[in-house]
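Letters A, B, C and D mark the chains in the order given here, with residues in each chain numbered from 1 onward.
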Amino acid sequence: MTGVELLNWARGPGLQIALVVFIVGVAIRFIEMWLLGKSPDFAEARGSAAAGGWRTLFTRSLPMPGALKRAPLVFLGGYVFHIGFFITFLFYAPHILFLRAVTGFSWPALPAYLIDVIGLVSIAALVAVLVHRLTDPVRRFLSRTGDYVAWAATFLPLLTGYFAYHRLVTDYTTMLALHVLSFELLLVLIPLTKLMHTFTFAVSRWYNGAIAGRKGVKV
Amino acid sequence: MGTSLERGIQGFIEQVDRPTASFFESCVRCGMCAHACLFYTETGDPKYTPIYKLEPLRRVWEREYTLFGRIKKWLGLSKPVTEAELKEWEPLVYDSCTLCGRCSLMCPVGNDIVYMVRRAREGMVAAGVAPDGLKQAATRAVKIGSPMGVQLPALKTQIAKAEKETGLAIPFDKEGAEYLMVLSSAEIIEFSEIIPAAARIFHAAGVSWTFSSDAFEATNSGIQIGSSDIATELVSRIVRAAERLKVKYVISPECGHAYTALRWEGPNLIGRPYPFKVIHIVELLDELRAAGRLKTEGMEDEKLTFHDPCQLVRRGGVVEPPRNVLKMVASNFVEMEDPGTLNWCCGGGGGVSSNERADELRLKVFSRKKTQLDQLGVRTLVTACSNCRDMLEDGLEHHRMDIKVVGLTEMVAEHLKQ
Amino acid sequence: MHEPETLGDVLAKRGVSRRGFLKYCATLASLMALPPSVAAQMADKLTRATRQSVIYLSFQECTGCLESLSRTHSPTLEGLLFDLISLDYQETLLAAAGHAAEEARANAMRANSGKFVLMVDGAIPLKDGGVYSTIAGRTNIEILKEAVPHAAAVIAVGTCSSFGGLPHANPNPTGAVSVGTLMEKGLIERKPLINVSGCPPIPVVISGVVAHFLTLGTLPELDGYGRPKVFFGDTIHDRCYRRPFYDQGKFAKTFDDEGARNGWCLYELGCKGPTTYNACATAKWNGGVSFPIESGHGCLGCSEPDFWDAGSFYAPLPAPRAPLSAAAGAAIAVGVAAGAAVGLAGLYKRKKAQQAHTKLTVDDLETEKKP
Amino acid sequence: MSLRDIAVRVEASPASRIGGIRPILHEIRTLLAALIDTGRGGSIDLRSLPLSPADFEALDAALGEGEVRATIRALGETRVTETAIHGVWRVTHCNDGGEAVADLIEVCDAPEILKTHAADARVGLAKLRTRLEPG
């Protein structure tokens, strides 16, 4: 298969398949979780569960005091690659065109050179995070195959995007096709791996904050 | 009918709800929770990573409640949880977790890990996989009335002693009193100073209170071992007594998990709201202070600090009251590093101190508290939980530290205006 | 049969001076991205070379490629292509017709067997025995099978013969394929093949390939698609004079907005320049006047395989090739139904477990017997 | 008639300036220094560079117009002009439609295309002989 054929497949049937798997998978996992429900709490509330929930939803993006010092790499690496990933995904002009074609919405892009730098920094952060996972006792102990699969699924779109942008490794068309395919792989793997936290983190943060908020604790 | 693996798995299945499922869905195995847990920070052993302690529950959730897990189960790609595995996890779920909830603060995706440990214990105990110490305590609590085997005559003896000491009449089974006082067995046996202290304070503040001969034990071994059935039975005794005496409040004593059991879990255990309120004794002291009903004189001038009981602050929301009260009677109160909701557990909560097998481990991880105390160089440590107090005394002795542990209520009583 | 004439002789007869030829070579060098200094050496070699015999076969095509090649009037620079070669058979340009034309082809093939360059224009239908395109009652594939073994090399002129092009586009009713595909499938003999794709291809690319063959005696280096790298080595985007606007993030949003008037990048208007390899941006069209982007229209990507099936010409490159809403809608329905089914099964399972729950009492808790 | 004869002229908008001429001027400077030192200059193929019409104008303005201006008529016009920088020549090859097909900057004493080739000189000699023959 040639680069253009690969690209045409990726932009056509590949995207359709990936999107369907992504939507079906995410819907199943989210709904099967949601329907489990939560029993009512009869204990008299001291504070507001909803306020606590909303609060934690946002504040949990910040590390617990002292945590930065205890595990700097997990936090900094985590921040850099999450923020970097979303900036490159959401603010690179061609990506906005894709999102506009899919959603109908568009917004201003960041300059390409800035995206380039952010992408490279994100790649470096992901590499650091992987090395840490492989070498740190706790991370290595906890890791399962799925963790490495999820890492690769996050890493590949950034790497192929960087290669395509700089015309590295192979011709642009093929690299662009690989980039699109890696994005599709990511879409498919979101409902199949821990990448599902993209959606469920909001629910868990909310409950953590709500459970504490009800008791008047700020967490 | 006894306990069995099957009963345990059914127990896990019963416990999975939306929060639990969302927590398992969200975990990215970043391992940050390890850094919040003193069992990891003080030992460096990765098996103490909090989320790892939930593997059996996680596997049951995945196999029973997720499509992909069910497919894997159907294809024979996943193995059921075995009895041997539950036994392997027993020390992780019981010996190395005090239900302190610090990990729940650390988790970046917001998993309330301790919420799940509490639920995991339900399955573990139904499978009969729980420490002997806790089983025995629970048995004593149900059959004798107190986990330490303390019975009514013992309390009556202490009350008589206190009445003699204070010259005040301590009300017993007084219907229509505003407050029902319950105690932890440690307060009846070891730290009985609380009884005259409470009597003096309530007398001075004009609080209408009473003890009940049907329900004087506040601790709840059911919560610690993780059996809602047993916990319900124990909490129902207090609810029944409070309803019979028609009190407006039940005072939770200086005991952390008793507060959780009575204040936060109790209504859910009996399946309805209480017709009375539950108030922690320190909260009550703070209310009396704010109302100007608590008058003290003199100050402790020595440098002292306060140890926050986890169930009181992080899992209970009582953060400011002990500080407000303590500042009335201590001129040189200093905060530990990571005070309030961020506090480090003493290492003996969640039933760990009732579990002999965990003795070595809990004394080892006390090094965290030692470090915190060494930083301050204090000679007096105030707290508001008799279980913490017990553990702190053990730990201080083990580490040969010359620090005196005092209950907050007791300290306030000593400075009551005559 | 004539004595082999050198190219120099032909040029002199036509009154083309050395200055003129030097100029031609300077133009070619510029196009082939060779240093300007080689023009003089090229001119020297070419004047001593003999004209290349060419047989030109047309199959499923629109004659656009031939139009492109023969567009300009002789004697012009582009017209010099026809001085480099001896076009011994080209159906459309041939004075003869019918049996005479077919005979001319047979004669030319016999006379230059093993030496001529075979140019093929158009895709070759294979479906139903190839009946969809025949000349004098013979299918394209038959004609090609006969001609290829005698050729020194084959040049596929245009996207149809290079990649299948428009006839090959979905649903490809005639089963059209490219020359390269025929060789890969073993349906025709394998010969050195050069794909000069484009719809139509740039004429000077052809003369460049022939000049390369004549001056260096070899075929130019080819890319992964069998195209000469000197012309297809860079994308339109790489050599586009509007590229800096892409890098600065300045895009025309419509064909008549401020950005379009300022000559900003046409990426958002569907330009396929980034994935299209061709020399348009440097060689340009109509005697070097302009090329599509310079005229304000995005590149269609005509020199790439399957360009006709790559989605709308006006949809930006990152846009999906086909709308996703139907698939997404169906996926949501399926996902919600399946999720609800699994979720309700979970609820039922938990309810059953709760109903089967028997109260745990302390009597159930056996402590381990110490030995 | 060629496109150049059409009265409408595309004006180079300042917004279309790409700003790529400084590197070219630096390269010319290097080539000119080499010409003085070694006697060998060099050429720059302007069509291989991504330049906008505005850049071409800017380049012409920067180099200025010099003393020599020659027109060669061979397969269309070729314009050869020396710029205000001596030794720097602009060579623009046009087809017979008058459209530029190659655009070079040559740094040399005189562009090759101005010189008469020996072969052409021989043709000239033959012509002249024919004319001198008594007839």
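In this section, a residue touches a chain if its C-beta (ideal position, glycine included) is under 8 Å from a C-beta of that chain, and two chains touch if they have at least 3 such contacts.
Fair warning: this is a prediction, and the values are worked out from it, not measured in the lab.
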{"item": "Relative to chain A, chain with the most remote C-alpha centre", "value": "D"}
{"item": "Distance-to-centre winner among chains (Cα means, whole assembly as reference)", "value": "A"}
{"item": "Dominant interface by contact count, named by its two chains", "value": "A-B"}
{"item": "Chain A-chain D separation of Cα centroids, rounded to whole Å", "value": "57"}
{"item": "Geometric centre distance via CA averages, chain D-chain C, whole Å", "value": "33"}
{"item": "Distance from the mean Cα position of chain D to that of chain B, given in whole angstrom", "value": "92"}
{"item": "Centroid spacing, where centroids are CA-atom means, of chain B and chain C in whole angstrom", "value": "76"}
{"item": "Chain C, residues touching no fewer than two other chains", "value": "338-339, 342, 346, 350"}
{"item": "Shared interface positions of chain B, touching two or more other chains", "value": "16, 65-67"}
{"item": "Residues within chain D bordering two or more other chains", "value": "none"}
{"item": "For the chain A and chain B complex, residues of the former touching the latter", "value": "28-29, 32-39, 41-44, 46-47, 56-57, 60-61, 63-67, 70-71, 74-75, 78, 136-144, 147, 150, 192, 194, 196-197, 200-201, 203-209, 211-212, 215-219"}
{"item": "Chain D contact footprint on chain C (complex, rising order)", "value": "8, 12, 16-20, 22-24, 26-27, 29-30, 33, 35-37, 39-40, 47, 72, 75-78, 80, 239-241, 243-244, 261-263, 281-282, 286-289"}
{"item": "Chain B residues within the chain A interface of the complex", "value": "16-23, 25-32, 34-36, 40-41, 44, 46-47, 49, 51-52, 65-68, 104-112, 115, 263-268, 271-274, 277-278, 313-317, 319, 338, 341-342"}
{"item": "Residue numbers on chain C that touch chain B, as the complex places them", "value": "338-339, 342, 346, 349-350, 353-354, 356-362, 364-368"}
{"item": "Touching residues on chain D, where the partner in the complex is chain C", "value": "3, 13, 15-16, 18-20, 42-45, 47-48, 50-52, 72, 74-76, 78, 91, 93, 95-97, 99-102, 104, 106, 112-113, 117, 119-120, 123"}
